[in-house]
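Each of the two complexes below includes chain A, the first together with chain B, the second together with chain C.
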Partner chain A sequence: MPLPPHLSPQLWQEALTQLRAAVGPDALFTADDDVTLYRDAYSPVWGEAEERQASAAIAPNSTEQVQAVVRIANHFGIPLFPIATGRNLGYGGSASNLSGSVIVDLKRMNRIIEVDDKRHFAIVEPGVSYFDLYRYIQERGLDVWIDVPDPGWGSVMGNALDHGVGHTWSSYRDHFGSHCGLEVVLPDGEVMRTGMGAMTSAKTSGDFRYGFGPYVDGLFAQAGFGIVTRMGIHLMPRPECFLHRRVLAYRRQDIVPLVEVANKLEDAGLIGMPLYESPMFGAQFADKALRDIATAPDVWNGNAIDRYAAEKAMPVWQLGLSFYGPAEVVEAIWRHAQAQFAKAIPGARFETIETLHFPLSPQAEEAALHKVLIGVPNLNIFAIGARSATNPEPADGHLLFSPMVARSGEEVMKAQRLFTEGMREMGADFPMAYGPFTAPFTWMPRIFALTAGLPVSRSDPKVNQRSRETMRRLIELGARHGYGEYRTPPLFQDQVMATYDFNGNALRRFCETLKDAVDPKGIIAPGRGGFWPRAMRKEA
Partner chain B sequence: MRWLLLAAILWTSPAMATDAASQGQAIFARNCAPCHGPGIGNPGASQKPGTAALAAKYGGILPALLEERRDLTPELVAFFVRNGATVMAPYRKTEISDAELAALGTYLSRNNPKPSGRKIRKTS
Partner chain C sequence: MATRRLFLQGAVGTAALAGAPAIGTTLPANRSDKLLALIDITHAQGGPFVAAAQTWGARTAALRGDPLALWHDAVLASAVQPAAILGLTTQGTLFCLERLGWELGLRVQLRIDHLPAPDGSWRHVAHTDLPAWAPDMLAGAGADFGLAAAHIALNSSDGAGDCTHAAPPPHPHRDSTPLVTWLLAAPHRA
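This part shows the complex of A and B:
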């Protein structure tokens, strides 16, 4: 494995001795077989010179041990890269921005400090996964729900710190947005608490996020300003009832009123996450006639799609709606929603998908259809890329391109066309590539993500090269039209940060100024977020 | 002395193996079952992703559920846990330690046909 940059083998050995003493011999990993486990399993540069490889990994067990590790790293000038559970697959896995970094694996810090089911918050350490927190709540019969991303094995904190997202109410599924208070080890090894945690005597760090003065929490997400060792997160009270209902729309243009009505319902707090899909996405692979329509240059006027929809009685769009609350209230809201959609979309139909009353028995929970909509962690999403009857030759993962698109039907159709035609020009063609049936994801409140997964391979570098090139060009194409990425693997972070270019990249320059002041040696995750300390900047 | 030792091994090893197997079962339930267990997947999927993947891979020749297999050796289990396969990322030692991995291997190989008695006598 590579050594930390600019460090002699002798000093490296000295540093390792000190690091080992700080955490114990079992918590420092230097053997190739162990350090290899910190490579990005979905790396689009697997085995190539550009792949970011760690020099070692260290697994502290307490805030004090994290402090000791940071101080030693500071003394020797060794870059660290913190991960919580390191499952950021699709967005970089556990790989650092700089080769030779020591990965600080916080999985062993897995204490759940507190769950309050009267004031509805939890306080957790980095290694606490969604599965862990869910189990803790279930075992104690607590009256709260968590909001989960698709893979339940990730960290409540790690996910939030990369601006990760979930699937229930808008105020909970933006995971960084719903965090409340951090404990952070700063690049010089000092511990700081934010929000009410900054007041030693306060007992409200899980309730009130601001405390007094500037709100600095944002600096610790997608950035290298410190290692977070504790985080509060707001939870939702367990509802009495969940309804999942569906609106079916039969014309391409219907996406416009569909989005308008859903926005209004959601922003008024009447529904949870809107779930947009197009049944035609899957259907095009079963019927060549539909695939031909989808790939014809004039598909964008919608005529052929609408004709096909009428002939086959197949919706062009379907919108899943989640309602949480007392039974009579959610039934009334659903009636109100139907009336709104029926008025806005002639010919719209409605379907009942699921009705659940809580608490669920273990059997009922296992039988629940879409578990992330009710805050139950699972790993079912991996069906997306795994081997199956319809996918006999699976990829080894994917690289996620996630541009942010304004929440309107017109914008969805515009962005679909832009990225579809762009991808075709790039020669990128695979089932998950953009097309007229690509539906927007609504994970992040008030914005759409038109996410596409590009295949990666651990055995075929050509697949990776194609996906990398496509990714770079998509980032550039998106930025030219105002579609910015919300999150990206380290390999693309410099490029994405450069697309946030207002006033000569004032945002990046400000982050650099802060980095130079707080972490001039680049001890914590240099390059994370697409900005570097002065000594490591390209122009330096 | 050798006989005493052998007797001790013969007497204790089934119990030790059972302990390891039950520890392995708990590790399986926590880490592997969400993909490789029984039960349904997301809407439209009748199986969990790992189970569906192995059903497609072996086409019924081998059981799709790992817990029903009789051919998994601890070495093979360790290989997949530490190397992953297609979209399954490997597990690190902070997630599944070497000792836990050995217990998992014991659990997933518990149903394998036992080695013949002759072989045991030979080694003694």
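This part shows the complex of A and C:
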């Protein structure tokens, strides 16, 4: 494994001795066998020179130990890379931006400090997974729900700090947006609390996120300004009932009113996450006639698609709607929603998918169709993961291109065409990445992600080369048309940050100024978020 | 939750495999109480695998794709911490279990991918050396390789090989689900 940059072997040994003393011999990992576990299993540069490799890993179990680790690292100039559970697959895993970094693995800090089911928040340490928090709530019969990402083994904090997302109401599924107050070890080893936590006597750090003064919490997400050791998160009161219903629309242009009505319902707080799909996405691979339609140059006018839909009675779009609340209320909202869709989309049809009343018996929970819609952590996504729409080729993992597209049907169709034709021009042959049936993802509130998965391989470097070249070009293409990435693995962070280019990259320059002031040596995750301290900047 | 676990003790009769060595294992040597088998019972090969593991005296637990709750119940919350865990699951499930196992110092030490072909036949790809009799036993079992796979897993010695981060072999048939037989145990360190 590599050494930290610019550190002699002697100083490295000295640093290791001090780090070991700070956390105990069992919590410092230097053997190759151990450090290799922190490689990114989805790395698009697996086994190549560009792969980010750690020098060691360390697992403190308290804020005090984190402080000690940071102070030692600061003394020796060793870059640290904090991870919570380190399962950021698709966005870097537990690998750092800079080879030779020491991974600060916070899994041992796994205390649930508080869950309040009257004021609806939790306060957790980094190692608390969604599953841990869920079980804690279930075992105590607490009256709150959590919002979970697809993989339920991730960290409530780690996910939020990379702007991770879930599947219920907009105010909960933006996980960083629903956090409330942080405790952070700064690059000099000092501890700071934000929001109401900054007031020693306050008991409201889980309630009110701003406190007083500048709201600095955003600096600790997708960035290297500190190691977060505690975080509050707002929780959803447990609803009485969940309805999952579906709207079916039979013309390509129907995406326009479909989105408009769904936006209105969602922004008024009447529905949870809308789930857009096209049944034609899968169908095109089973029926050559449909595939021919999808790949014809004039597909974008929608005529052939509409004809096919009419002939086969197959919807072009389907929209899943989630309703949470008292039974009579959600039934009434569903009736209201149907009336709105029926008025806007002639011929729209409606389906009942699922109705659940809470609390569920364990059997009913097991049988629930789409567990993440009801806040139940699981790993089902990996059972189907190798074959999902976003990762269609059997592959060892995927690289996600997730451009942010405005929430309108017109924009979806425009972006579909741009990326489909763009990939064709690039000669990038990923048949399932983009086409006229690519549906937008709605994880992030108030924006669409027109996400495509590119395959990665741990055995075939050619697959990776093809995917990362395509990824770089897609980032470029998207940015030229105003579609920015919201999240990306370390390999692409510099490129993505560079695309946020208003006023000569003023945003990046501001981040650099802050980094130079707060962490001039680049102790905490240098390069995270696509900006570096002066000494490590390329132009320096 | 216990209900998620669906323990299968006694649910499947013990099965015999002609020509196979008597069921026995070095895993962990004479400590069958510390042996746990996790099997995906969605697949036909799961039942015979369960039967073989039970015959050896291993605790068995069933899953359907998702191993998360089971891992907590059968491994983390169990009074007896398993010294070795073996199983027959999908590759995606093993991907998860491998990472969960790391937290307990366990590594994948045996891995045989089972790849279905459209004609109903299966190809078996091992990532470590197998006992000499194993390939023929697998090949002879056709689609009913669950019992053979369990025999091989139970007879492999822990520390046999390191399959950490192993890449699944290429599998071009999109509509079928490859399976994998595996063993998680603590690595021998120099």
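A few comments on the model shown:
Going forward, the second predicted complex is superposed on the first by the 528 of 540 C-alpha atoms of A that agree within 3 Å, B and C clash if a C-alpha of one lies under 4 Å from a C-alpha of the other, contacts with A are read in each partner's own complex, and residues count from 1 in each chain.
Following the convention adopted for this analysis, contacts are C-beta pairs under 8 Å (C-beta built on N, C-alpha and C of every residue); 3 or more make two chains touch, one makes a residue touch a chain.
These numbers were taken from a predicted model, which means no experiment stands behind them.
In the three-chain model built by superposing on chain A, chain B clashes with chain C. Touch criterion met: A:Ala367 reaches chain B, while chain C stays clear of it.
Look at A:Ser459: by the touch rule set out above, it reaches chain C but stays clear of chain B. By the touch criterion defined above, A:Gln53 lies against neither chain B nor chain C after alignment on the C-alpha atoms of chain A. When the shared chain is aligned, no partner comes close enough to touch A:Gln338: not chain B, not chain C. Of the two partner chains, neither chain B nor chain C is touched by A:Thr63. Looking at the shared chain after the overlay, A:Tyr42 reaches chain B, while chain C stays out of its contact range. Touching more residues of chain A than its counterpart among chain B and chain C is B.
After overlaying the two complexes on the shared chain, residue contacts for A:Asn505 are found with neither chain B nor chain C.
Once the two complexes are overlaid on chain A, the chain A residues touched by chain B in the first and by chain C in the second are 33, 37, 41, 87, 107, 131, 152-153, 366, 378-380, 382-387, 394, 396. Of all residues in chain A, only 31, 33, 36-37, 39, 41, 87, 107, 131, 135, 152-153, 362-363, 366, 377-380, 382-387, 394, 396, 457-460 touch chain C in the complex they form. The touching residues of chain A, when paired with chain B in their complex, are 29, 33-34, 37-38, 41-42, 57, 59, 85-87, 89, 93, 105, 107-108, 127, 131, 152-153, 366-367, 369-371, 378-389, 391-392, 394-397. Listing the residues of chain B that touch chain A in their complex gives 30, 34-35, 39-43, 45, 48-50, 52-53, 55-57, 82, 84, 86-95.
On chain C, the positions that touch chain A within their shared complex are 1, 3-4, 65-69, 72, 90-93, 95-96, 99-100, 102-103, 162, 164-168, 170-172, 174, 187, 189.
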